[in-house]
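One chain, chain A, appears in both complexes that follow, with chain B as partner in the first and chain C in the second.
Take a look at the complex of A and B:
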């Protein structure tokens, strides 16, 4: 009985203790505290020279972690026994607290003789250690840590127990709901949007807001949201290849680079001294991206799965290294890239401000959404889905898998080219470093995080992965950590993505006037003689 | 009687194994031709050769007078040859209706550009296709389940949906690979009736792989027996039942003699009584 709680508490407490030590070693205690300080308005005034947030914020952070720890431990205890889950939470808190306290004592005493721990770990400056000790003596700090984590653990266990109590009292009617069709569930939620006029009004409203917003919120946000927009276009393009057609292409940045360099080389003084204008370069960029798509696709689309991923990964790198090489310096500008790219003009009006580019990106995003949404529910989109689900069967059903995949790749490449053209024109610069592997990885991440094959999912994913790091500037140093954490958490709790794809309900809407609600069980009895 | 499909000496090797060994098969139009044989006899491999998933090393497959071996799978499907699979292979994460719509793909004409612009022609074709899909749903008894994802359907419904997807291709020749596998006797009877309806009402020629002898003997116009890739017998159900080579293939050497003895004794008993 109590042994079970002790065991669970020990295991969870140990793991959490290690996590807390790790977070401290990379200096996350400071970042997290300053975030909390900002949220609750408890930060030192901006004018003060003191960089560190108040120690009271660390108290909150440690308490929150303690509650989480206790809740995690209590969740592992099955059954409704109150003492057991609370005890597990408490023990977990005690163990984590002990680990943290011992660490605080050790690091506090190590600090005294004037040993500079920054030599070993950059985050362990003496200021940071003092902060971790709540600006107190090591023994006091150890006690505070122990107390906070133990109390937090107790509280966490209590919360879980209360939650269980509440759940068991509610009649449990939705046991099998999670197995029911996701398509149905989502569509019911947005039933109001079925009305065409309400929908169009909402579109119009959203559009007007998007037109007005960039004039209000300043150039910083225009830039950030513009970047998100470019990634939305990229994401929607890759979504057609990966999400719809199920072809894992890792060198997607190559098409982006083709677009960016097209506009760069055709609209700059160096190295080619061509001034063809933005709009022609836009068309040429897209055309070249499609051509690149064909070039990659023709030999590689016969490959499946991992092989395709590796070959396209190589292609992406080849393009980047080619752009960087000395051999091509005369044509591409080499490692220094291309500067002073001329922006677009319409009827003599020159695009120069961030607002102009925001509108340009908005147009591209709308175009990408239009293309993706029109195609996904069409004859062509269905062949992509069929290939994703089972290529062999798709072929035996009469789908020309190769040309269908090639089309997906070409459209995806075209959207990447479009994004690349706008990206280079907006930055007025592009270089090989804008087109490294991380772009492909980022785009793939946002498609997976948002929900493969889902247009709103991709948009949401772009905001989460490209927008959030901007919002949480403090987290910027931990972006990769954040990426990794987010992806792992996503895979565990929401493997289908933030906003998973849904399928349209064709039988109800198009095929039949009056829906017949036949339950599966009844149908089984009815048999085949319909 | 017209022949719809002929195989001449079709042979398929997997490394050293001869999975299908010089098989000749003649399927008359508008009949149900069954292929039976022990596990691993090469039945499904022969199906895969006909539907183009495999390319046979030797021999020729002639469909309505023209050779189709070596043709790409999707082009064979466009010749109105449809099939189902031994272990159900639906497009799991799209709805039942969409599965059937993919089945209709060869008969739809709009290009991707027309889909993008949503021309009236495209809209009309799409609506017709959905109507047709719903009709097929009714035909196989899945009314009202069209908007469920295929993977959420119960097992029996998945089998029927697979047949509906094959029918969406408006097949002249339908290859059914163990359609009653895993079904209870009631469901099996329903399926047997259904297959007969396909032949009689829709005029579809059916090649059937089946292990359930009650089904095979009940509906087949012609039965071909394979063993170790070789055709060992062919004929109507009666002839196959008493064929000693077939009995040996199923029950082991010596079984034929034994069964003959048993039959004789039974005959003897009957006449004595």
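Take a look at the complex of A and C:
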């Protein structure tokens, strides 16, 4: 009995010990603490610049991690015996505490005037180490860490046990019932939304809010939401390729670059000295992006899955390197990019502020949503669906898979070109570094995190992945790290995305959301009709 | 065998896409030959010594690509997934070796002649072996945990899912290294007997070319590793099991092979090779930072595809070939050396368009492509 808890405790304790050490080594203890300090209002006065957060925040952070650790360990113990799960939590806490304490002792003794650990591990400045030691001596700090983590582990185990206790009692079933009641009520609400006029009214309301908001927000938020909007357009475009047609394209940024460079070259003084105006450049940019889509698609779309991904990735990199190289400096400005791109004008009115561009982006987003939603339920959309599900079967039923895929790529490329044109015009600058692989990866991630094939999902994904980091400025450095982790976790826990399209959800969840007995009946009905 | 004969008998009908590909192929080959003849024979800007130097440089870098490419091929052969994070595994291996060298630099082993002698120069062979051991161990551990945490739960998922997870792992590892070790590049300290810039002078015609010791070391060692791996796969029980799992997981399991175990071991082996490649990269190029794994990773994948993915000799040949093309190509085509990456990626694109099965790969079934 006790051996089982000890084993689980050791295992989880080791994992959490490594996680805590890793967090300290990347300096997350400071960032996390200052975030906690901000949330509970326990941070040093703003007047003192560049100061570490209070050590009490670190106490909270470590305790929270400890509780989580204990809870995770206790969860691994099946059964209702209180002693076992609490013991597992406690052992996990003790073990993590030991690891952290040893680390604190070691790093505390390594902290001598002559030694600079930052040469090797960038986050370990002497201030940071002192902070990790709670501004105490190493042995004291080790004891505090051990105590906090052990107590946290105990508490975590206790919480899990209490939770189990509650679940096993009758109360839980009632809670469950009321939960399912709310679920049906929620469905009812969706039913109301089906009414056309109510829906239109809601659309109108949303639109009015979107028109008014930028005037209240101020320029920073206009800029941030504008960026999110550009990524929504990009995401909807990639969604057509990846979500609808099921073709994984990793070089999507190439089309974005084509759009951006079209407006940059056709509407600026250097290097070509052309001033064709934004709107013409917009059309040309989109046309060129479509052309690029055809050029990339013609030879490659025969490939499947990951091969296509790598080929398009290669294309994207080729375009970026070419833009950066000396070879093209005369035409594209080389590594320095193109500056002073002129913005659009309507009837003599010049777009210059972030509000103007917000409206422009809003228009583009609405256009993209319109295109995407109309396509989704069209004949072409169903063709794409068939190809995504099974290309061989789709071909056998008479679908011209190649030209359908090409069409998807071209439409996706057009939207990327549109986004690129607006992006370059808004920044008044574009350069090779705006078009590196990370843009493709970002867009792909927001499509996947939001939900492949789902328009609201893409919008939500764009807000989560591009909007949240702007809100959580403190986490800027850790953004990509969490991003990578999020991708893995999403794929394991919720591969269908945050706001999945119904079909994808059913496919990846095996129809668990739908009551099992309804589905066959429906199918039978359809079969009879056919 | 039978399907092969069949497919030869019934050739595919000429579709418009196929005609387009054929025409494109002939035009490209024509342009390429014309350009090569023009630059090499007619313009003749470079002498024999330059070409030889470029070839040697290409072989050295190609050896490293081969080692990484083997990792891609092993994993692809078994799981049919591109281990996108493989380049990052190599980067981590390079850092492992770097820290060993840095630590050994500070261990004093004073002798009568030289009181300032440190371990790294007193025992260069042991130092290098230690660096390789640590680098390979860390890299294989990374590979092992990568598989366990990011890929194993997705074994039965649609094929896009593990690929995205691999991209996530790649981003995660890269940024973890960035946050741990800072973005600034670090100098690899070699033992002085293996210092960069020293080497053998080989006379070619009137001038001579320098073949660095690090280069010779890297090339020879990579060939040794490749031979070792080949023997491992062909001669040992583990290799037999790996081949069986690659052929058919279900049947292999029925024959009493622990498939999960073999997959884990495959990741460990490919991680070890990538780690060795990383340490070599550090010793030869002298600079490591968080980003060094990315481009070699993609190029090694190119090499694996070039040789025929899933085939181990293919990965070796593909790596060496890619290294050669990348080094000789810009000079032979008379273009800027900045564009060597463009050549590598163009080759990837062209190979996938015209012969997705690669140089040494057998024609794969639709299912595998």
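As a convention for this text, the second predicted complex is superposed on the first by the 477 of 530 C-alpha atoms of A that agree within 3 Å, B and C clash if a C-alpha of one lies under 4 Å from a C-alpha of the other, contacts with A are read in each partner's own complex, and residues count from 1 in each chain.
Everything that follows uses one rule, which is that a residue touches a chain if its C-beta (ideal position, glycine included) is under 8 Å from a C-beta of that chain, and two chains touch if they have at least 3 such contacts.
Source: prediction; values computed, not measured.
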{"item": "Partner chain(s) touched by A:400 [first = chain B, second = chain C, both, neither]", "value": "first"}
{"item": "Partner chain(s) touched by A:280 [first = chain B, second = chain C, both, neither]", "value": "neither"}
{"item": "Partner chain(s) touched by A:375 [first = chain B, second = chain C, both, neither]", "value": "first"}
{"item": "First, second, both or neither for A:313, with chain B first and chain C second", "value": "second"}
{"item": "Contacts of A:298 with chain B and chain C, given as first, second, both or neither", "value": "second"}
{"item": "Which superposed partner A:392 touches (first chain B, second chain C, both, neither)", "value": "both"}
{"item": "A:485 touches, of chain B and chain C: first, second, both or neither?", "value": "second"}
{"item": "Intersection of chain A interface sets (partners chain B, chain C)", "value": "392, 508"}
{"item": "Touching residues on chain B, where the partner in the complex is chain A", "value": "51-53, 72-74, 76-78, 82-83, 85, 89-98, 101-103, 105-106, 108, 110-112, 115-116, 118, 122, 125-127, 129-131, 133-134, 137-149, 152-154, 156-157, 160, 165, 169, 186-187, 190-191, 193-194"}
{"item": "Chain A partner contacts - residues on chain C that touch it in the complex", "value": "17, 20-21, 24, 81-82, 99, 102, 149-150, 153-154, 157-165, 167-176, 179-182, 298, 301-302, 305, 335-336, 338-339, 341-342, 345-346, 348-349, 352-353, 356, 366, 369"}
{"item": "Contacting residues of chain A [partner chain C, same complex]", "value": "22, 25-27, 118, 120-123, 246, 248, 298-300, 302-307, 309-311, 313-315, 317-318, 321-322, 324-327, 392, 402, 441, 444, 448, 477-478, 480-481, 483-488, 490-492, 495, 508"}
{"item": "Chain A residues within the chain B interface of the complex", "value": "179-184, 371, 374-375, 378-383, 385-386, 388-390, 392-401, 407, 503-508, 510-512, 515-518, 520, 523-524, 526-530"}
